[in-house]
Amino acid sequence: MIRTELRVIYGDTDQMGVVYYANYLRYFEAGRNEYIRAHGLRYRDFEERFGLRLPVAEASVSYRIPARYDDVIAVETSMAELRRASARFGYRILRGDEVLATGHTVHACVDLEGRVRRMPQELVERLAGSVAGGAPGEE
Amino acid sequence: MIRTELRVIYGDTDQMGVVYYANYLRYFEAGRNEYIRAHGLRYRDFEERFGLRLPVAEASVSYRIPARYDDVIAVETSMAELRRASARFGYRILRGDEVLATGHTVHACVDLEGRVRRMPQELVERLAGSVAGGAPGEE
Amino acid sequence: MIRTELRVIYGDTDQMGVVYYANYLRYFEAGRNEYIRAHGLRYRDFEERFGLRLPVAEASVSYRIPARYDDVIAVETSMAELRRASARFGYRILRGDEVLATGHTVHACVDLEGRVRRMPQELVERLAGSVAGGAPGEE
Amino acid sequence: MIRTELRVIYGDTDQMGVVYYANYLRYFEAGRNEYIRAHGLRYRDFEERFGLRLPVAEASVSYRIPARYDDVIAVETSMAELRRASARFGYRILRGDEVLATGHTVHACVDLEGRVRRMPQELVERLAGSVAGGAPGEE
């Protein structure tokens, strides 16, 4: 599990005084980026090294407690399931100990022409593996 | 079912050249607003006339074909389920005949202090009813 | 001058109950797209037919009266100045007769490698010209 | 001058492969929040303690070098001018040593009914002053 901290800005809120519901998917993305980076990969590697993309096929969010302006929130991202040609990330958004929202995204593994492809072994090992401390290629 | 047309702008896309995944929830919202308006209500009525809010409790999207810059897309919004204290909207996003994405949102019915409330009969009838042609209060 | 109508959604507002200040630049973009389309061009033509791009070099907004949720607003877009290698668009955002905001954007004319280029005569004539009723290539 | 670091996410980019122009105003806001916090204030204090708001009256951005996905950028925020009833913030966005963009925002000082008000002395001193290490009320 990888933890990313973010601060809610005004631009994230709506006039109900809470974070607009679509923005949780932005937070999930920030968490997913960090997960990938922490495992020694960069998103651009998928394309450059593997000739692959991982477009989102499915996303869902369950909203429990609204996040508010100026909150420092944490996104906890984990790999929920890794299959031959898809990956499922799970997310929890917290403020301190409170769980504000949970959700997941499912990503298909496709080549640059959009055809579904088996995920290469190296990628599987990277994504499923434990966190790569100072992995090469990581910033 | 209520149909809303939108044009995709640059600001909706990401560097993969397609609409960013979170923005489908913005399109769903535009469709939901139009659905509510077409049934003779305005969102502010919930609060002003009924003392109620309908915060999103759950949202999900299934992505099939990416929407692109300058596409004219249609959001088809329908009431999928109306319960004592919640409502579920269903959405389809189309480009011409192609279904680009589907999804739903679930909304809790709460009062201004956030307590779950039974939906008033008038609201149920409005939301479930057929489209209100020139309903009073509609713009 | 080209006029584009838009409806403000919840996702455009912030917790002050008004449209978030960055979103006016989204509205300007929607107006600019419509301006370009009304003159018989599509944004993708710049790249495909002319090998050019028009990245934003400068943007400014003057905010007078806040736009609010559910407002129908109009973006009036005009070509303020067309120079050898740049174009300046002017914008007004209105709600009915009220001017809510004004602003402009300046765009450099560059080739696909990012070098500044003189704007081709055809492009100048298109952009400066009067609106192309049913111009070829227009949707 | 206050420095805030941010990482660019996919959702910030557009299909030109660079950060969408409106999002620089989001970055400015993140920098402004941090500036205010570093001077011992929170945005909500304006309303709660002083009965005032600082809505944006003007914003402008000058774009030099595009920010890209996954970049770590720094927003440098400073108080450019503090007048009787308005404040002007200046911003620079950097990636390493490169200045990617500069800009400013002007904010009017108004009361909760929207009338222009003189800025209270305490607020002036706070905003103009040097950074408040561990000021009370700060998180």
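The chains carry the letters A, B, C and D, assigned in the order they are written, with residues numbered from 1 in each.
The rule we apply is simple: a contact is a pair of C-beta atoms (placed from the backbone, for glycine too) under 8 Å apart; a residue touches a chain by one contact, two chains touch by 3 or more.
Note that the structure is a prediction, hence the values are computed from the model and not measured.
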Quiz item: Looking at C-alpha means, what's the farthest chain from subunit C?
Solution: A
Quiz item: Between B-C, A-D or A-C, which shows the same interface as B-D, counting it as a repeat when over half of the contact pairs match?
Solution: A-C
Quiz item: From the C-alpha centre of subunit B to that of subunit C, how far is it in Å?
Solution: 28
Quiz item: Per the centroid of Cα atoms for each chain, what is the distance between subunit A and subunit C, given in Å?
Solution: 33
Exercise. Would you kindly tell me how far, in whole Å, the mean C-alpha position of subunit D lies from that of subunit C?
Key: 25
Exercise. Mark out which residues of subunit C touch at least two other chains, giving numbers and ranges.
Key: 10-11, 16, 18, 22, 25-26, 29, 69
Quiz item: Hey, which residues of subunit A end up touching subunit D in the complex?
Solution: 7, 9-11, 25-26, 29-30, 33, 42-44, 69-70, 72, 139
Quiz prompt | Touching residues on subunit C, where the partner in the complex is subunit A | solution = 10-11, 13-18, 20, 22, 69
Quiz item: Any idea which subunit A residues touch subunit B in the complex?
Solution: 16, 18, 21-23, 25-26, 29, 53, 55-63, 66, 105
